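Take a look at these structures.
Next come two complexes built around chain A: one with chain B, the other with chain C.
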Partner chain A sequence: MESIFSYKNPEAVHTERKKQGMVEVMKTKGKQSVEYANPPYILGEASIVGQKEGEGPLGSYFHEICNDPLMGEKTWEKAESAFVERACNLAISNAGMRREDINYLVGGDLLAQLMGTSFGVESLQIPFFGIYGACSTMGESLTLSSLLVEGEFAKSVLAVTSSHFAGAEKQFRFPLAYGNQRPAAATWTVTGSGAVIIGNESCLTGRKKTAASGNVVIRGITVGRIVDYGIQDSMNMGAAMAPAAASTIAANFRDFGVSAEDYDVIATGDLGTVGSRILCEMMEEQGMPIGKKHMDCGVQIYDLQKQDVHAGGSGCGCSAVTLTGYLLYKLRSKEYRRILFVPTGAMLSPVSFHEEMNIPGIAYGIILESR
Partner chain B sequence: MKENITVRQVLDAPDQKEQQKLYNKYVKQVTPAFSCVKNTTRAFLVGGLICLLGEGLQQLFQYYDFNEKNAGYCTNLILIALAVLCTGLGWYSKLAKFAGAGSVVPITGFANSVASPAVEFRAEGQVYGIGCKIFTIAGPVILFGILASWVLGVIYWISTFF
Partner chain C sequence: MESIFSYKNPEAVHTERKKQGMVEVMKTKGKQSVEYANPPYILGEASIVGQKEGEGPLGSYFHEICNDPLMGEKTWEKAESAFVERACNLAISNAGMRREDINYLVGGDLLAQLMGTSFGVESLQIPFFGIYGACSTMGESLTLSSLLVEGEFAKSVLAVTSSHFAGAEKQFRFPLAYGNQRPAAATWTVTGSGAVIIGNESCLTGRKKTAASGNVVIRGITVGRIVDYGIQDSMNMGAAMAPAAASTIAANFRDFGVSAEDYDVIATGDLGTVGSRILCEMMEEQGMPIGKKHMDCGVQIYDLQKQDVHAGGSGCGCSAVTLTGYLLYKLRSKEYRRILFVPTGAMLSPVSFHEEMNIPGIAYGIILESR
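Right after this comes the complex of A and B.
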């Protein structure tokens, strides 16, 4: 039978590569990091947020602000999908591409069975990976997308995540109209979706000219572990995630042999005020102070005094829209040269919570550089 | 004086179990909490006002020649209707944010806990949405309320033998 594959004899190819030492050359760096030899580019990005986020301090950085929380749909879940679809389409257009050009789509959200993403990306018809990393999903999707591109399995990949305040409240907490008090350490789920297109250099030509026109690459990644420090309070997720962020940042410093001095900013996802304080103390105690370089997307996205969000913002959308709206703008305008983006996730499910299990955390580290 | 846990102690914990224990204590130290006095005062004021409204309605009905029992029924009905209306308009959650227990404990809080899932889960259909989920919050209160009254009834029944 005629082979349908272009590698007529896969084994021979493998032996040939081994002879040239190609298989032995690993791209890993340290225990849990990868340093890219051909750093994938951020070809385009989009951030779509709700009204509250638009009224926050970062409001002017977002690409689009949608004042209707239902996006003209009938349910919160459909509304979240509408956010996803809009962000994807805008990111593709900002990258000057067509959706047929994108090889894969990697994305996820907080809703059960990834409802927001899978229904939202249906119309795009791009081969799809659905992933779950709780609020760290942007980190996970950027990691996997950049691996696909740098590993030459794809020319361009779309990474997307989203969250919706009302959908998250409905699934994880109480109905919106139910009267209860949120504790001081609670965070507010961001309504919005962020999409990023990652691709190799050959796809770079089409990007739309904007005010900030510099290029941004993903220089390396650090994959986090599940870290469990025994927190069970779902209203204090910053405390549940801070040890995971500390673990990933420490691993990044160790694997790359760097310190906070090597980054302009270390941006965690949604630790809020409580988690941020814990993270900085933990890093300080381990002899790797990050206090001066640290910012938290959850603390930045809202005006904590005026917008009544208690400890800050959270949700997949929180780090995603802060990255696509604010951080990438700062990188493209060369205000930042190199940042470590560390989305954080609390691995909480309504079932595990009621079965009195702990809330472990996870964090991904992504090194972004302006070019 | 209360023991002060430092991050150093958490990081240096000999095993994971001890570390989790110490970390929880440490987190409690660094997590801000709302003032108990302020919360209690607000709850007292709002809870009291809701009860005052109830008492006012009761007196009003009795003034218009309802007997005490019927006046009570009518008062309950009106309070529940008001709470459900406020829930639908999204006002009750705002009130509760200020009042806390003051708006949860009176009968209006119970009405809110039934009406709010009905509003939220309407999108999932009449049977599987509203039907199945309307009592997600109030259900345990009803179940254990009935159980408790049954237990008390048994105790009362036994006491009649002596």
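Right after this comes the complex of A and C.
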């Protein structure tokens, strides 16, 4: 094989490039966004959820409902990995691809040291980037995956995330057997995993056609900053994340020169009823009302009255399965033409909580369009 | 501001691009590597370490040595965040830049939910990607940061990671006060943070000149896969990571068509003496000997005899400060012309350990050249 260290003079390449003024050609849009010249396609997706999610209002949209929360495993963590593995394999299959076709895998979850993801994706043997954005992880993975494709570093990338109610409660709050009372602002961690294959136009050829066979592209992304409003209540994460969602949505509007009118839906990840109200108020105050277009995956995924989930669903899996089950279906069937998907994360750790530190938030904005 | 949704017809852009055959132009090299056409520059770096690291053989190379392991804070975790914040600010300053100039920040650490990083970088307010690659995190952050620059999505990106001996022992093994015995294969988590500013050629203009003022570029990267050899001993992580290092180095050799002869040094992250021996044996067996060129940051950073660290140093900070203190100095002074930097990570979590699961490893390869 040809060695990279012999075949060309890098200085000459630089000089040539500089002459053409190409070094200054940046793909950034505004301060924290990128607009894609060749919007990467969503080649396939999968949503695997637990029983409670299957019984919720979006139940019929999910690809698979697993009634055994342990997935035949002995621990909650291994069960979460089983959800991840299943979602990845189904997404690859739904895209009409094989795992050897996927260049990179970008994924993460809520558990310490990404235990759910690293053991879930191990068998796939795809070059791996582990990421952590709390419940915004689906946004972070879609962002990095689409950047890898747009940058021509990959033909196709697998983005995945997950969460598990029992594993998350054990790690962040109380073991289930403790039977603690949950306040009204608390949310319910979604059990499930969502996986998406993102690829360039060349991957469309020979793609398996599905019932809702319209194409969906990622038109651009807005990367979040860490936003800290001093919230310290781990039972009210909606309030911690709402300012981060507001910051990212405002940046998206500013960077792309758009407003809520340009989107059919602005879907936040897991603010719940409390956080959603705060977000809409904050956007109203900034003169960028989104109320008419806003939906929250956490509010949609459960029947808040009947399913006893208080303020709604949460967790990395919440926005991930709502995207891969519900939102992408609506885009593929062209009911939605353009949406802004805004997964939201609370930078909460059991240690930081016990050390009485704040819960900062972060959110990523992804523009999805039907084609 | 111009809206993205009006000013051009994306379909036309696609068709034009397809006509030019550009969709198929990929920047991948082999199966898991990318060669940079316009190698991003290391614009500035910083290494901040604790007392023990300052007293080690590389002490004189570090930018700052902090003798107070708490950095004036009340908890180990807040101390780690203080290391991170200081390293970021110093790297920005050493690059002759301001934080407003940095487009993205890519960072992570060993603590659950990236506590060290998220609280450490909050004040910078730079759009943020949180990542987790265990002790390979510096490799993962350099990889993603340089991809963002090469892809023209950013002019400059800050890559940072950290670890803290006391915080890591508390999280992964035993609280310090417990005074447990450490076996001979155990490594000592480095207290420190390393930060690097990666940017394109346009950022070189007006860059602050330092004593060792040669330029360093990232010539290419190799992304690791998760490698699991069934190791379960959290006191012998070198053995868990060595197969991952071997896999990534072999992929680098294969993808770029090179051998150990093409590098002045192949620097692994924190295999320690035990893992280093295993790596060299594995490479020898594969017919790709690296023994003469191999060094391990974990072996170099401490005086293994005098400093009572058993098999060597470890932690995200280990390879990060050895890179930003020692290796980049050697490259800037042109003592090294080309090195392969291979931070190594053990996917260990306290939960996975107690559930008797394996410790898979991962490693990233970064080709650094002096210019």
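Keep this in mind: the second predicted complex is superposed on the first by the 363 of 371 C-alpha atoms of A that agree within 3 Å, B and C clash if a C-alpha of one lies under 4 Å from a C-alpha of the other, contacts with A are read in each partner's own complex, and residues count from 1 in each chain.
One rule holds for everything that comes next: a residue touches a chain if its C-beta (ideal position, glycine included) is under 8 Å from a C-beta of that chain, and two chains touch if they have at least 3 such contacts.
This is a predicted model, so every value here is computed, not measured.
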{"item": "Greater residue coverage of chain A in the superposed arrangement, chain B or chain C", "value": "C"}
{"item": "Contacts of A:Y178 with chain B and chain C, given as first, second, both or neither", "value": "first"}
{"item": "Which superposed partner A:M282 touches (first chain B, second chain C, both, neither)", "value": "first"}
{"item": "Chain B versus chain C as contact partner of A:D228, first or second or both or neither", "value": "both"}
{"item": "Which superposed partner A:K292 touches (first chain B, second chain C, both, neither)", "value": "neither"}
{"item": "Which of chain B and chain C A:E150 touches, first, second, both or neither", "value": "second"}
{"item": "Partner chain in contact with A:V258 - chain B first, chain C second, else both or neither", "value": "second"}
{"item": "Chain B versus chain C as contact partner of A:T75, first or second or both or neither", "value": "both"}
{"item": "Touching partner for A:V274 - first (chain B), second (chain C), both, neither", "value": "first"}
{"item": "Chain B versus chain C as contact partner of A:P243, first or second or both or neither", "value": "first"}
{"item": "Footprint overlap on chain A, where chain B in one structure and chain C in the other make contact", "value": "75, 228"}
{"item": "Interfacial residue positions of chain A with respect to chain B in the complex", "value": "74-76, 170, 174-185, 228-231, 236, 239, 243, 274, 277-278, 281-282, 284-286, 358"}
{"item": "Contacting residues of chain C [partner chain A, same complex]", "value": "1-5, 10, 13-14, 17-18, 23-32, 34-35, 37-39, 75, 77-78, 103-104, 108, 110-115, 118-119, 121-122, 125-134, 140, 143-144, 147-148, 150-155, 171, 200-202, 219-220, 223-226, 228, 254, 256-258, 262, 338, 347-352, 355, 357, 360, 362"}
{"item": "Of chain B, residues touching chain A in the complex", "value": "6-8, 10-11, 16, 19-21, 23-24, 26-27, 30-34, 39, 87-88, 90, 92-93, 95-97, 100, 103-104, 109, 112-113, 115-117, 119-121, 123, 137"}
